[in-house]
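The following pair of complexes shares a single chain, chain A, combined with chain B in the former and chain C in the latter.
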Partner chain A sequence: MRIDALLLSLFRSLVYAFLLAPIVIVVLASLNAGNFLTFPPQGLSLRWFWTFLDNDVFIDAIVYSATLAAGATAVSLVVGTMAALYFVRHARQKAELVRLGVLLPLILPEILTAIALLFFFYEIGIGTEHQIALFTGHVLMTLPFVFLNVSTSLQGRDNAMELAARTLGASRYTAFRRITLPLIAPGVAAGGVFAFIISFDTFGISFILKGAGSAPLPIQLYDYLRFNFTPEAAAVSTVSIILTLVLVTLADLLFARNPDA
Partner chain B sequence: MKRLRATFLILPAATLIFLFVVLPYVTVLVMSFRAPADGQPYGEGFSLAGYAQFFNEGYYAWSLPQSLVLGILTTFVCLILGYPVALHIAKASKRWRGLLYGIVLSPLLIGIVIRSYGWTILLGNSGVINSTLRQFGLIERPLPLMYNNFGVVLALAHVFLPFMVLPLLSALQSMDPALGQAARSLGAKPFTIFRRITFPVSMPGVQTGCILVFVLAISSYVTPALVGGMRVKTTTLLVIDALIDQFQWPFGSAMALILAVSAGLIVLIFARLTAMKWN
Partner chain C sequence: MTEVSLRSLVKRYGKTEALKGISLHVRHGEFVSLLGPSGCGKSTTLKCIAGFEEVSGGQILFDERDISRKLPEDRDIGMVFQSYALFPHMTVAQNLAFGLEMRRVPKVEIAERIARAMDMVQLSAHAERYPKALSGGQQQRVALARALVIEPAILLLDEPLANLDAKLRDEMRGFIRDLQKRVGITTLYVTHDQGEAMTMSDRVVVMFDGQIAQAASPEEIYDHPTSERVARFVGNANILDLAVSPRGDGQLDLVLPGGHLLRVERPACGAGGGMRVMARPEQIALTEPAAGQIGGRVAKRYFSGRHVEYHVETDVGPVVVVAPTTHAVREGEAVGLRFDPQRLWPVPSAEAPAEGRE
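Take a look at the complex of A and B:
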């Protein structure tokens, strides 16, 4: 191997290490037995995981975030799948406009969207009460991911099967439920998993729009990290990372996708 | 009738986007021209006070070039780090590609708070890097890796690298391999192939990636806040401070819009420059 090729592959390996480093470090830090995040760790222990399990604040935050993510994902799945169907099958010359519109929450800076929503909900007199603004924000953030995944799985498929089913007397709804939905199921599932993870992790929207009372996990973690430096935060983060990995693996196993997707 | 039924499919999404994205952004625009007030978010009538305050007070005005430079540096670092990786993945065998793809996407699946937190563990004064260097006696006092532009750019580059690699990858994968083979058979050196063929072909990806990373970087909040420890003042940090802590909505909105317009101008100049050179 020539020297410049060697240097290039060394550089690439460093970049891959750079990508993984902070995640690996958080997991390692959570196993630290000491009272502070020092390095090298003062022995290995799971004590911070027990501390975390005894801490209602973080447990509540995880439950709250999961509930919020499940709700937002459910709404996004319905709205996003409908929009994707329209985009691929019916939009024609308006396709670019539809795509741009649905992807707006992804393209616009999240923090600015959050501020805009805050003002808007104050103007109409709701403010941050009853978590309506927060929930709306999470639906907006997750919508593009459902739309992208479903429209990808719809593209390149004609609607011949649906037409055949309709010709044989199936109602529009039956044709959708028995033909279209099974065909796009992998896309819908992937969109749902993405949406859940995005909602679970999103910061800007939750930071600006959270009302009084419980807060989603990223906000609770951020508040904690501003004043504390114990490995408990690392334990919480590790649990969150594991939850995400479990979710992705489950989706992968349940919906064995085609490798090109 | 058939068109009508089809339109019903897009209705929920269209309503959602119009009500909760388009209208709220109009609200921000209007808010930036409202009069300031004490004890409440905004007062009666309209004024340009918010805009004037930003440019008159150095504390605020200087945050703008600071933010933009931070964004440009982050974009540059992402491009340098991301290009070889995208090239590598585009050429990798199918089995490897999945794994490498996973590594590139992994930061996206882990929340931004956790990732920034990881960097504070690595870069802090008693963090992993400084402790290790000190143990080997290479340094006497900790290197200033955090609470400055260096740390913030490094962490931002990590957070947004996937947004650079993915567009690059899709541009590179659409390249016809025959192009490179033809050039090689005509005697072109690897670097010449890269300069004359690969890079120009990937230009749309470079453009998309740079614009995405730049916009995301200048509007990010958590990473500058945690890694910069409030000592790196970006306009986005000041916007949130004005809106949430000081309750000055017109001023905060004016700042946000000034940042958005400045960023938009840079994106426009960048798009114009790169288009002229390569198309």
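Take a look at the complex of A and C:
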């Protein structure tokens, strides 16, 4: 028994180490005082953070990525919630088809979705201009996460509450806004957080569909690392890790304690 | 004052016909139960009246207004659901206020009407609680109050007692019935529990296979079912194959195997076709073997506290008799059975296709 418990906790530690070590190393590397991206760091300093803050390219990229993520999340929240409502309440025998359709971007390799979109947008004459292709790609990538979270919170709730609201005089829309939406809010919020992070982080779609002009952060970082190997890249990563953590924690505080979650 | 009329209501789901032409008139203030096994169409009927399902044919009238194409929110109905369907993120008072807010009732009046409704269901102390903090029976009463506070034209109840335990269910039966009488609202009640339907209703509508088999008072349904199927569904029934010969004066002669002749009223429904005879278990008397109209032997005896149920093997097949516990007949004993001709009721046999319809 004791050996089993010991082995289990050892295994657990290894899993955590495997998951967290890269993050820890990136954060430590960003505190490097030296000129090159090395580990262990040669002395501790915040100088690369200051360099990064002075570097318009990265600041622009972060702002651009955040804007893109916010836009994609907003669209995904609306479309994904509607899709989830249809899937859970009305699709009946078509349900599996609907689910598969919405989840396809998650199931297919990202690069395939990206290439398919690229062909499509060139075929209809838009190409990568006006960031339409990029934005569409980000919506497609984030949609499954909203859809999954919202449909999970809808499932197991029969629609009697909405029907009750209807008999009490509420229109379909009012019933949704006053009854259904508050009840699935935790799922919608979780879906939104996921969507934002996925969009902020996604590489393949951005890499292939990015037009001329500013690029999302992951692309900018990749470009930078091809020619420079300084701890600034680690500093940028650390900042985006912290941003993500803040976002997740906030969402957790706001919604995880909701008694109806 | 609202009367409900269903006129040849038809509901199709693809190729299957869930309702095959339901016609029913519910008078003002009447409490009508729709009773039947699952899949008989009783819930579908209610959904059509509420507006949750579009009707495929026929009409639904509230008084003389055809509401069958209206949205649920425009029909002026109060509905209580099996799951109560209280809004979990609102307090009891907010649940009650919802319908009034939708009707743009002034705030002051809302408060008054909520207070009155809470009082009506004896829950005034719980206005600020959330539904989760209430017991099943209390939630049920909140659901009733929420449906009634908007003063709807009609009240629809969809198996509202199915989720309560047996003792509470009996209590709520009386509570709902009293409340309905006090408010005087036209009420349609869907249930698969014949005990509920019988004790609560002014009229019971028995449904099978998307059709009304019989619509009548509980007494009429119990004593004078128009078909073997209704007889078997409502209460326990012995259905006996006896030789039936019609007489000229509107009566029937039944001949028992021992040669006894029973003369019974001929029911209106059974013109032509085969007839069988229904005898309710508690309407058969258990006697000494010599004193009975037919003889038999007790095969099984079940004591239930309130009465004893005997399964008797006779010449006309197995017969169930319910007797007071003062009888002490043991399994295997020979007994006689006496029928009261007044209480025997001929029904068209199940093979005969004609089922009574209103």
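For the reader, a short list of remarks on this structure follows.
As a convention for this text, the second predicted complex is superposed on the first by the 243 of 261 C-alpha atoms of A that agree within 3 Å, B and C clash if a C-alpha of one lies under 4 Å from a C-alpha of the other, contacts with A are read in each partner's own complex, and residues count from 1 in each chain.
We adopt the following convention: a residue touches a chain if its C-beta (ideal position, glycine included) is under 8 Å from a C-beta of that chain, and two chains touch if they have at least 3 such contacts.
Only a predicted model underlies this, so the values are computations on that prediction, with no experimental measurement involved.
For the composite obtained by overlaying on chain A, chain B and chain C can both be accommodated side by side without a clash. In the superposition on chain A, A:79 makes contact with chain B only, while chain C stays out of contact range. Of the two partner chains, chain C is the only one touched by A:179; chain B is not. In the superposition on chain A, A:171 contacts chain C only, with no contact to chain B. In the superposed model, A:23 makes contact with chain B only, not with chain C. Vertex at the C-alpha centre of chain A, arms toward the centres of chain B and chain C: the angle is 100 degrees, rounded to a multiple of 10. In the superposed model, A:205 lies in contact with neither chain B nor chain C. With both complexes placed on chain A, chain A has more residues touched by B than by the other of chain B and chain C. In the superposed pair of complexes, A:161 makes contact with chain C only, with no contact to chain B. After overlaying the two complexes on the shared chain, residue contacts for A:69 are found with neither chain B nor chain C. For the pair chain B and chain C, the model built by superposing on chain A gives 7 Å as the shortest CA-CA distance. Once the two complexes are overlaid on chain A, the chain A residues touched by chain B in the first and by chain C in the second are 259. Those residues of chain B that touch chain A in the shared complex are 3, 6-7, 9-10, 12-14, 16-17, 20-21, 23-25, 27-28, 31, 41, 81-82, 84-85, 88, 94, 98, 100, 103-104, 106-107, 109-115, 117-122, 124, 126-128, 131-132, 135, 155, 158, 161, 215-216, 219-222, 225-226, 236, 239-240, 243-244, 249, 252-253, 256, 260.
Residue ranges of chain A in contact with chain B, taken from their complex: 8, 11-12, 15-16, 18-23, 25-26, 29, 37-40, 78-80, 82-83, 85-87, 89-91, 98, 101-102, 104-105, 108-113, 115-120, 122-123, 136, 139-140, 143, 147, 197, 200-204, 207-208, 217-218, 221-222, 225-226, 233-234, 237, 240-241, 244-245, 248, 259. Taken in their complex, chain C has these residues touching chain A: 50-52, 71-73, 75, 77-79, 81-83, 85-89, 98-99, 102-103, 132, 146-147, 150, 152, 156.
Within the complex formed with chain C, the residues of chain A that make contact are 158, 160-161, 163-171, 174, 178-179, 182-183, 259-260.
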